[in-house]
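The letters A, B, C, D, E and F name the chains in turn, as written, and every chain counts its residues from 1.
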Amino acid sequence: MRLLLLNPNTSTGVTELIDRAARAVAGPHTEITSLTAPRGVPYIATRAEAVIGGAVALEMLAECHGEYDAAVIAAFGDPGLGGARELFSLPVVGLAEAGMLTACMLGRRFSIVTFAQALAPWYEECIEWHGLRERCGGINTLDGHFTAIDSVQEEKQDLLVELAHKAIAKDDTDVIVLAGAPLAGLADKIADRVPVPVIDCVSAAVKQAETLAALAPRKASVGTFRRPQAKPTSGLPHALGAWISHL
Amino acid sequence: MRLLLLNPNTSTGVTELIDRAARAVAGPHTEITSLTAPRGVPYIATRAEAVIGGAVALEMLAECHGEYDAAVIAAFGDPGLGGARELFSLPVVGLAEAGMLTACMLGRRFSIVTFAQALAPWYEECIEWHGLRERCGGINTLDGHFTAIDSVQEEKQDLLVELAHKAIAKDDTDVIVLAGAPLAGLADKIADRVPVPVIDCVSAAVKQAETLAALAPRKASVGTFRRPQAKPTSGLPHALGAWISHL
Amino acid sequence: MRLLLLNPNTSTGVTELIDRAARAVAGPHTEITSLTAPRGVPYIATRAEAVIGGAVALEMLAECHGEYDAAVIAAFGDPGLGGARELFSLPVVGLAEAGMLTACMLGRRFSIVTFAQALAPWYEECIEWHGLRERCGGINTLDGHFTAIDSVQEEKQDLLVELAHKAIAKDDTDVIVLAGAPLAGLADKIADRVPVPVIDCVSAAVKQAETLAALAPRKASVGTFRRPQAKPTSGLPHALGAWISHL
Amino acid sequence: MRLLLLNPNTSTGVTELIDRAARAVAGPHTEITSLTAPRGVPYIATRAEAVIGGAVALEMLAECHGEYDAAVIAAFGDPGLGGARELFSLPVVGLAEAGMLTACMLGRRFSIVTFAQALAPWYEECIEWHGLRERCGGINTLDGHFTAIDSVQEEKQDLLVELAHKAIAKDDTDVIVLAGAPLAGLADKIADRVPVPVIDCVSAAVKQAETLAALAPRKASVGTFRRPQAKPTSGLPHALGAWISHL
Amino acid sequence: MRLLLLNPNTSTGVTELIDRAARAVAGPHTEITSLTAPRGVPYIATRAEAVIGGAVALEMLAECHGEYDAAVIAAFGDPGLGGARELFSLPVVGLAEAGMLTACMLGRRFSIVTFAQALAPWYEECIEWHGLRERCGGINTLDGHFTAIDSVQEEKQDLLVELAHKAIAKDDTDVIVLAGAPLAGLADKIADRVPVPVIDCVSAAVKQAETLAALAPRKASVGTFRRPQAKPTSGLPHALGAWISHL
Amino acid sequence: MRLLLLNPNTSTGVTELIDRAARAVAGPHTEITSLTAPRGVPYIATRAEAVIGGAVALEMLAECHGEYDAAVIAAFGDPGLGGARELFSLPVVGLAEAGMLTACMLGRRFSIVTFAQALAPWYEECIEWHGLRERCGGINTLDGHFTAIDSVQEEKQDLLVELAHKAIAKDDTDVIVLAGAPLAGLADKIADRVPVPVIDCVSAAVKQAETLAALAPRKASVGTFRRPQAKPTSGLPHALGAWISHL
């Protein structure tokens, strides 16, 4: 099974974190390829950046979707997920989606724990888009600055554990979801220090992508996720424009 | 990975259907054991039967939970799921839960399709318990009688395909969830005749149980899914009484 | 009017509390019978215990439902209520249901006040099952231990008054619902010390059962609360099995 | 127990219907007084009329609230109910409130059946005000004209039975609530022709008022239903102005 | 464009505040007339007063609706708004409605800031009536007394700024809505001291009334806001009674 | 007041329709500039196209936001609206947002009427993003093909009127919102043939943009719509990259 991990951020350090966490949990027959966004921002944190990153994710998928059995959009707010699911035939899973749905199987309520306050509004919209507001106890963020995006999980490890404890008390929560690709791989390191299950979203997304690949669902030919009809485009990157135009 | 498929119904024919569907999709390292409820009804269809079946599911898990890495409660309304998740340390997944959460990754809305009208009120309560009402387009049931529970999927196959088509039109839905353990294995047979993805809940549950086993979440030691404190019991089957009493 | 108070807990001391509170408020023509669960746990506090207690409640009702004009399931989370309403012809009222619906007639929002933290998750699910989340300001629990279940209301009286005051401030609430059969009879004793109406659930349930008996609604013969069709059973207590099988 | 039935409509014929239905179900110690609005419209059917009728209800209660142990605002949309509950110390129950909350104890969903299309928007707002949208399957109205408000229940009896049957099928409902004071007393007459419980709102309101009188809840001295502080008024009817001014 | 500002309170001082704030923002072709309620209370603060004020607003509109192109009901809880919209042909806008809908265009969540605790329950019902609960972060009130309603905005200016800051932190809000006609004109004075947009409801209502007048929507002739059919009345002020009777 | 109408579609014919409808309703001091997207698709109809169009809208605003007092994103699903509101200081209004919020002032429920089935899923997500699901009666679409996007309103005029009538009956709705920039200017033409108010979204958006410009709200300096902190970018169009980087 060929699995694409698509990092819609431009930070290669984060891609490496994701790639490592994915390989640690992938099944024996899963071949992982990790790609970094060729343009955009180092890490998506706002509504504006999510729109930009979502468009870049579609461009990336248009280039290579035929080579994979499933894909993960590896940024927590799932930029471009709905559009990707519409356009392409392979199953596409979002990092937030996979983390939250997996958490649902471990308790009534999950709480989001993440490293930067700026992420909260975008994450909130993502939770609502997925219809999971009722299952989410809260979004909990650290408020300080961090040195570098690809080492933020080491720098903030103790503070994140402390924040998880606060979230459990405040949100009356059953599961902690560590949100954001830069935290990939952290869950295992802190599991002993947090008294409820801790979800690593990259791990969850890899297993969910494997699940969908195993179930091999057909592409819808009717309904709201069928491939849209051909439409002319102008000025789009070639592969995306061609795919939208059915060329 | 040792996986328990727990059929809270007394029908061994349904257990065989479940077992076969599970083995068809299980990973190479998954060892499957399927157990049939020792008491109760042939197939749970109402709120009353779900309470009875839920208690039986807890009794069965109390007997053998230590021998498995994960368990599936293999009846669509997930009888006893919350209690099981509270009491025991192994991950426990419900058939409805697995089917619906997997469907969420394939579209905005899923619709339930099943073979008997009597199931609808119980299923409706199950969907609400999981907080997924917003994602569910509708519960669609056949209204005629059927000859035998373990052959209902052959008997009703054409009618279920027709019902799926009606559901797609009526519910404006993206995914069909075939609900009820007696329909295990049917999805693959009808996939070509339904124009959106069709979810087999047993397949989904096996993959989700494998996912949870791979993530190996810790048992909560605080919060609403920690193991309850020891409490005396009377008149309960030995294993369940002993486990509740921490004996 | 013959009224059954069904205690799904095995604690006879709690049954006595319920019985006393019920007689204090019952109408002149109401004959009260109080029964204690023959098996189970001394007091239901968790999801698992609620499933077990729900099944026991159905067994008890199957034995004697023909002898009464109405029944109260006298544990706050209403174990087995949906199933009982489905199976039997007499009106059945839950303790939580009666307390909360009565509270709705005294204000916009009610708050739950109870004596043990362990009860909160089960109560939360009960409130949602009744579709009353919007009317409930919060579930407020004491966090210490208590000496004995049938004297917890004396032991914790002052702390419960204090908790009611906190709930009023925190939840912006109009009514306090004292939750849990072990608090039966407490409301009158503390009414002067709490500045909003305080609901005793046993009192409310007795009056609501009298109300339903007076209205004498017919048993539904269609819809989701009609009696389910006959179905074979195995291994169930005789009366329950016979009733489900229409024998 | 002295119970006031307050008809906020000016139709004395409807008051007689209400009075008769109330006496048929009232307990032996309940003394019923029925009053007709001194000004307004013959029957409230719209948002505008509900505001006018609500103000009249407050004027009527200001005159006589001290003489009763409980009151019923006997028009289905509960005009003035929140204000009445705020201003006065006696328990006040609305016709819609009593009918709907009682119906909640007989099934998961109730459906409203009434005789005039014009009532639907006001009833819909009333259901939302009570936070019961989730429990209501639908509002079903006849669309023809009727000859006289106090004989509409005879004139439309067969059509209302037919509409109840339609509502059961369409709304997947468990209970029918006959809405509108002009239908007082009809439920018993048609109970045999409708296959689910049928609620007479006047009967339900009388029993609920008796319930509240028996529980004798204190008037809130804090929170949103405490009596508002004294405030000068001008141009209001004397009793209402004096009560608001604490004179 | 002739715009009516209808103050349903009897305080002429508040009418002057409203009038001044309205003129400051009105377009060059807008002629403003401000009217004070001839009877009622100096400022509406409770559910009871809102019903009374709502009826008075309808009486006022019945007198003069033909002379204007649009009207504003200039009290924050929008008393009588639904009824006014039903009865009359000119567009009618509520103060709360205009303030909140305008705030929706400036952020995801707005928070209400006002000067008296007594207003909160009525405002809460108003927000729910408008279906805007999801967009509202909270209702924040001062708890002290004030000297006079028409100078409360000067007296409390610093405390209201402080409360706005607290609301921003507590509600995670994007916009502050200054609620209550007595705060008309305050927003501009404190805009520099509050770090998010501050909405003056009178200003918003004037612009929204101008918007509706410019769009010139037709009066509905079907549906729930068509003019109700003629109905006899008794005891109502002449203009209102005549309008309801289509005389 | 300088108002930018930003068409995120590449169809200049649609831009002309928008421009004409805007000028018809704009105030005397409003100067209108209409811009067409330099790249993308002729008309956005799907989730994927909305992400692409949203990114293009941000690029366009980055170029010229300093030259205007307010902007309208003139496509019904409001692509890029949240991001635009975050990044830039001028008020930005969405076409759907303006149409729906204006409709809220004319009735309890509005219904969407539009010309192509493909638009429904995207519109549904837009309505939910705005938190207006409760106010929306339904999304009603024609299902045939059309000849050209800039003449679809003439081609389909009769069918749209017919669809509006169906929507009124089916959705029990108070207001029709004609959705989609290609329908700009149609509302006035069909107002006489539809028995409830019909909203032209471009007209509404122009008036709402004028309203915001008149109120002149400050740009938030805290909260979720403050301008995000400077962040490096790569590969973005120059103006957008520079603005995100605070260069």
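Here is the rule we go by: contacts are C-beta pairs under 8 Å (C-beta built on N, C-alpha and C of every residue); 3 or more make two chains touch, one makes a residue touch a chain.
Everything numeric here is computed off the predicted structure, so don't read it as measured data.
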item	value
Same-interface partner of A-F, chosen from the options A-B, B-C or C-D, over half of the pairs matching	B-C
Chain whose mean Cα position lies farthest from chain E	B
Centroid comparison with chain D (C-alpha atoms), farthest chain	A
Superposition of chain D upon chain F: rotation angle, C-alpha, nearest 5 degrees	120
Centre-to-centre distance between chain E and chain D (centres being mean Cα positions), rounded to whole Å	29
Centre distance in Å when chain A and chain C are each reduced to the mean of their C-alpha atoms	44
Interface hub residues of chain E, defined as touching at least two other chains	82, 85, 108, 120-121, 125, 172, 224
Chain E residues touching chain D - in the complex, by the definition given at the top	10, 38-42, 45-52, 54-55, 58, 79-80, 82-87, 118, 120-121, 125, 128-129, 224, 228-229, 231-236, 240, 244
Touch list for chain C against partner chain D, complex	25, 27-28, 82, 85, 91, 93, 97-98, 101-102, 104-108, 130-132, 134-135, 168, 172-175, 191-192, 195-200, 203-204, 207-208, 210-212, 214-215, 217-218, 220-225
